[in-house]
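Would you mind keeping the following structure in view while I ask a few things?
Letters A, B, C and D mark the chains in the order given here, with residues in each chain numbered from 1 onward.
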Amino acid sequence: MEYFALIPLFPGASALLLALFGQRMSRSVVSAIACVSVFFSFLISVGYLALTLGIAIPGFGALPRDTGSLFTFIDAGGLHVDMAFRLDSLSLIMCLVVTGIGFLIHVYSTGYMHHEPDFARYFTYLNLFTFSMLMLVLGANLVVMFIGWEGVGLCSYLLIGFWYEKKSASDAGKKAFIVNRIGDAGFLVGLMLLYTNFGTLDIQSILSGVNEGYPVGSHLLNLIAVCLFIGATGKSAQIPLYIWLPDAMEGPTPVSALIHAATMVTSGVYMIARLGGLYSKATLVLVLIAWIGALTAFVAASIGLVQNDIKRVLAYSTVSQLGYMFLACGVAAYDAAVFHLYTHAFFKALLFLGAGSVIHAMSGEQDIRKMGHLSKKLGITTWTFVAATLAITGFPAITSGFWSKDLILERAFEANLWLWLVGIVTAGMTSFYMFRLVFMVFFGQSRVDPSVHPHESPSSMTVPLMLLAVGSIAAGWVATSLRRFLNLSILGAHEVGGGHAEDAHAGWTMEQLYLAAAAFVVMFVGLMLAYHLYVKETALPQRIGERWPRLYKLLFNKYFVDEIYGAAIVGPLVKGSDRVYKHFDLGVIDRTLDTIGAGALEGGRIVSRLQTGNIKAYATYILAGAAFLTALWVIG
Amino acid sequence: MIPLSWYLVVSAVLFTIGVVGIFFRRDLITLFMCIELQLNGVNLALIAFSRYLPDISGQIIVFFVITVAAAEAAVGLAIMIALFHHKEHLDSERVNLMQG
Amino acid sequence: MIELLIIAVKCLVVFTAALLGVPFMVWFERKVVAHMQMRLGPMYVGPHGVLQPFADAIKLMFKEDFLPPQANKVVYYLAPVLGMTTAVLAFSVIPFGPQTNLFGLLKEPIPLQVTDLNIGLLIIFSATAMGVYGIVLAGWSSNSKYPLLGALRSTAQMASYELSLGLSTVSILMLAGSLSLNEIVNAQAGLYWGFIPRWFVFQSPTGFAAFLLYFICGVAETNRAPFDLPEAETELVAGFHTEYSSMKFAMFFMAEYVNMIAVSAIATTLFLGGWHGWGAGGDTSYGWVIGLGWFVAKVISLLFVYVWLRATLPRLRYDQLMAFGWKFLFPASLVTILATALWISRQVS
Amino acid sequence: MTTVFFLIFALTAIGAAVAMIFQRNPVYSCLCLVLAFFALAGLYVLLGAPFIAAIQIIVYAGAIMVLFLFVIMLLNLSAEERERPKRPRFLPFAVAVGGLLLLELALVFRRAPLLGMPAGQSETSVEEIGLKLFTDYIYPFELSSVLILAAIIGAVMLAKRKI
């Protein structure tokens, strides 16, 4: 019995239950069902983790574990797809992140969404998302993974547009959905290429096929890899498809925390890590991934410098951090990428939830210029938020972000100096805008509207904050063993013990120390700069903005990317579609169909003259037919 | 001894008379009678075959044909009565309610 | 050749007998009804008026033969002939007595039956079924309102009662296992415990019910009281034969009485053991006389019941008649069949 | 002897059938058809099927045709209306197709093997038919009862103006 097949089942069943009967349940029942189902999944994941750590639990065996075919999902021609799950170290870590953080966010949501009238619908979507994400993570073949991939996209759309009465929210939902579709098209093409060349979509078979039959740098692998990567850029908000993520902040804040920070947006990274064996041989694409990651990290961070909406800053920081992960993927440091994914899940979830707490306290206000000095009123929120900020900025030694980000920079340095340079500059900018946020929201002078009376959030919100704060700090302490554990899956068992997995064990080299020091210096500079600008001399930022108005405008307007897309892609597309609609749809398709319809009508009118209603006419037809048939028989 | 074909010829002639009658006559009752005549033409062929093959099944089929004809007559005449109440005539060429 | 001659003679004898039965029946009816009504009935023509029917016949023959002006001539003439023919037809298959060589007149014994067909009963039904044509055509061809209404009534009535009539005889078929009237009669030979005859009336518990049903239907089929709706004087003048006069009327009149005799004869054959009775002559040379005697006696008893009914019961209303036929007789005869089947299956097992 | 009877019955049947379609008066048509049915019953007897012959007379002549006659009288249908010009729209077609059909049937029968009457074949008894009907043809038999029930209900529904 493979109990881990139950992991996606619990949230799925819960989603079904809530979808069917949620409207008639009380809020406490809805939240209980939603939270408990995810918690069960988390417990099972923990059970498997415990097993892996050497604690035997009856019924749980060693990793990796395959369910085999639960049932045949598709059997058409040569295509045979089973519903099958695979649990190895990589997917186990992902499961833990999704269910663990997911559970905390569910609990948080019960407090945050308490006044929401459509309570059951929200939790239906949230559970459905958890289910889809777990399908994505656990899928033993790419079709199951793709189901989850599309499922999380759907849930993302539904949750961004949760307040669909608001036009900006429904627009943002549509934007996310459409942009994701573009990426998914690439992903699908990749799947088809894989199927035509490997004859299967089972991940393990593909990886062993790649391992045996293809040289490093093979064109086919490059092609497949780039197609799948296009899917990843859509899902994980990388250049050029990152534009939907900042807008996704229109959804409820816990959704932003779960979907658009901790889990779904990392699925691209997960996918590349899962297919690491394939990507390692697609050398050309790796370089592309590395540069796109680095560029995304830089661009997003630079935009984040000047944003004033608390959630938008966090959104750009998410994009930026995802860029780091792709940078790591690009230098084939999949373990580092997933490690950063893992730590990032804690502190970014925490940041969003903290922001949610702030927004909750400010009665919906999101502009940081109208905040300040909230540390007095929101003690727990402040300190947890600061902890998360330290983690994301990579405060040395004690925070989880330090370990993961440092690892990425170190790998980047090994691969390419320029990549490292971009990364380190981005780290500085991250430090600056994050501390800018902290100082503007929690410290300095209060700019709060007198009519607003901030108050600390209920315990259902603060408890998850505190738990996540602990995680944000402590999650990095297991770096070495975690990476070794991850490499079991990513590199395959035979490679563990050699290569990079070993060096962390061997202690710090001088080079690593220098790199860490450089990162710290950059972070510290960012911190001090933020302190100076937003606590000491608060008028200065204004002047800087006026000093370089063009740069400020460029950054503030996010490099005008939306406008460029609008002018370059959306506009022509709309115009072209309109033209196609007018000329092709109306002119060709509609006219063809109209002609066919009119022809049928006219034909019917002609034929219906045969239907005279006169019995004798009918008898004539019958008789003629009988005579004809008899004649045929006589002649034949 | 009478050969089978004699019976078949009579059968065919009766059937054909029924067919011609359908075109020749106008009122529905007579048309209906022509149909009965056609049925009987077929019945004769069936009985003749049943005798000459020999296979009793032919007679059974005729038995069923007569049964069905009785049912058909009941319903058909009921329709005609209803139609007559509605139209005051039974002229087949003036009854074209089903005209397309 | 001799066979053909014998058949011809038989036909002639039966036909004459049937026709001669009519005047007797007319006289019998008038006398019985009269006595039941405390009257004397015809007394002047012949002793106790026995010759009265012949006087009536002579009167009818000399009456004006009237043809209604708008009448449909061919059919008008055809109708009474049809009625008479179908009435007599039934006698062609009824066995009147055992085989005989007529006191040694013939070398081979002949059956006292015109012909013994193995579908004899069906022939009778055919004749009954055709009987309706005479009435219908008479009513229609007179081109007159009352006859037409009378004819329509009688068509509906006869078609309705014919069903129950046929069904009531099915139990006899099941008991006898044959459609041949000769075999049916033979199946009723003998006595139970030396004194109860093995007639079908006594052979099964359902026999008597079937007999009653048959006789009621028979009365209705012959349009006799209390089912004489087609000729209800008070409503339809004289029904379908209102416009008929003289010999043509006489033929309808005769047909009705022949039909009564036929129904009684069939009932005798099917239910009352035909010519079997106590102390029939067996193989003796005069046995056929006794058998014939039994047969005639039974028929006359049934005819007496006919007259008795007429003298006793009032006429039914038309809707009562239909309701009685469809809602009582029809289901009852079905139940009788079912009961007979159960009875037979119990006997067999 | 049989041949004579055959000729009598066959010619009567055909003659009555022809008369039926040429009679203007529906009552005469009906009577002609009855006559044709009688002749056919005679043919059935010649073919050794007395049971079917009896059924033919009882059901066809005695019930179905009476029903026809009944309806004709009930609706008081006289001869076809004479004032309307007779438009033999279908008459040429009728003759052509009828002739064609007859020709075709003749061809077919000419091709059929000329079976002689099998020797020693007596007429079919009612018992045989009954056995066959209640064994091999039991399902059609039961089905026909359903058909008749449906016909009864249908006829009542149609003919009654108010249930």
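We take it that contacts are C-beta pairs under 8 Å (C-beta built on N, C-alpha and C of every residue); 3 or more make two chains touch, one makes a residue touch a chain.
In this text, all values refer to a predicted model and were calculated from it rather than measured experimentally.
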| item | value |
| --- | --- |
| Chain pair, B-D or C-D, that carries the greater number of C-beta contacts | B-D |
| Length of the line joining the C-alpha centres of chain B and chain D, rounded to whole Å | 6 |
| Interchain centroid distance [CA atoms averaged], chain C/chain D, Å | 29 |
| Cα-centroid distance, chain A relative to chain D, in whole angstrom | 83 |
| Mean-CA-position distance for chain B and chain A (Å) | 78 |
| Where chain A touches two or more other chains at once, by residue number | 616, 620, 623 |
| Chain B residues counted as touching two or more neighbouring chains | 19, 22-23, 93 |
| Which pairs of chains touch, using the document's own definition | A-B, A-D, B-D, C-D |
| Touch list for chain A against partner chain B, complex | 608-616, 619-620, 623 |
| In the complex, chain D residues that touch chain A | 89-90, 93, 97, 100-101, 104-105, 107-108 |
| Residue numbers on chain A that touch chain D, as the complex places them | 616, 620, 623-624, 626-627, 630-631, 633-634 |
| Chain D - residues contacting chain B, complex | 2-3, 6, 10, 13-14, 17-18, 20-22, 26, 29-30, 33, 36-37, 40, 43-44, 46-49, 51-52, 55-56, 59-60, 63-64, 67-68, 71-72, 74-75, 77, 80-81, 87, 89-91, 93-95, 97-98, 101-102, 105-106, 109-110, 112, 114-118, 121, 124, 128-129, 132-133, 136-137, 140, 144, 147-148, 150-152, 154-159, 161 |
| Contacting residues of chain D [partner chain C, same complex] | 27-28, 31, 34, 50-51, 54-55, 57-58, 61-63, 66-67, 69-70, 73-74, 125-126 |
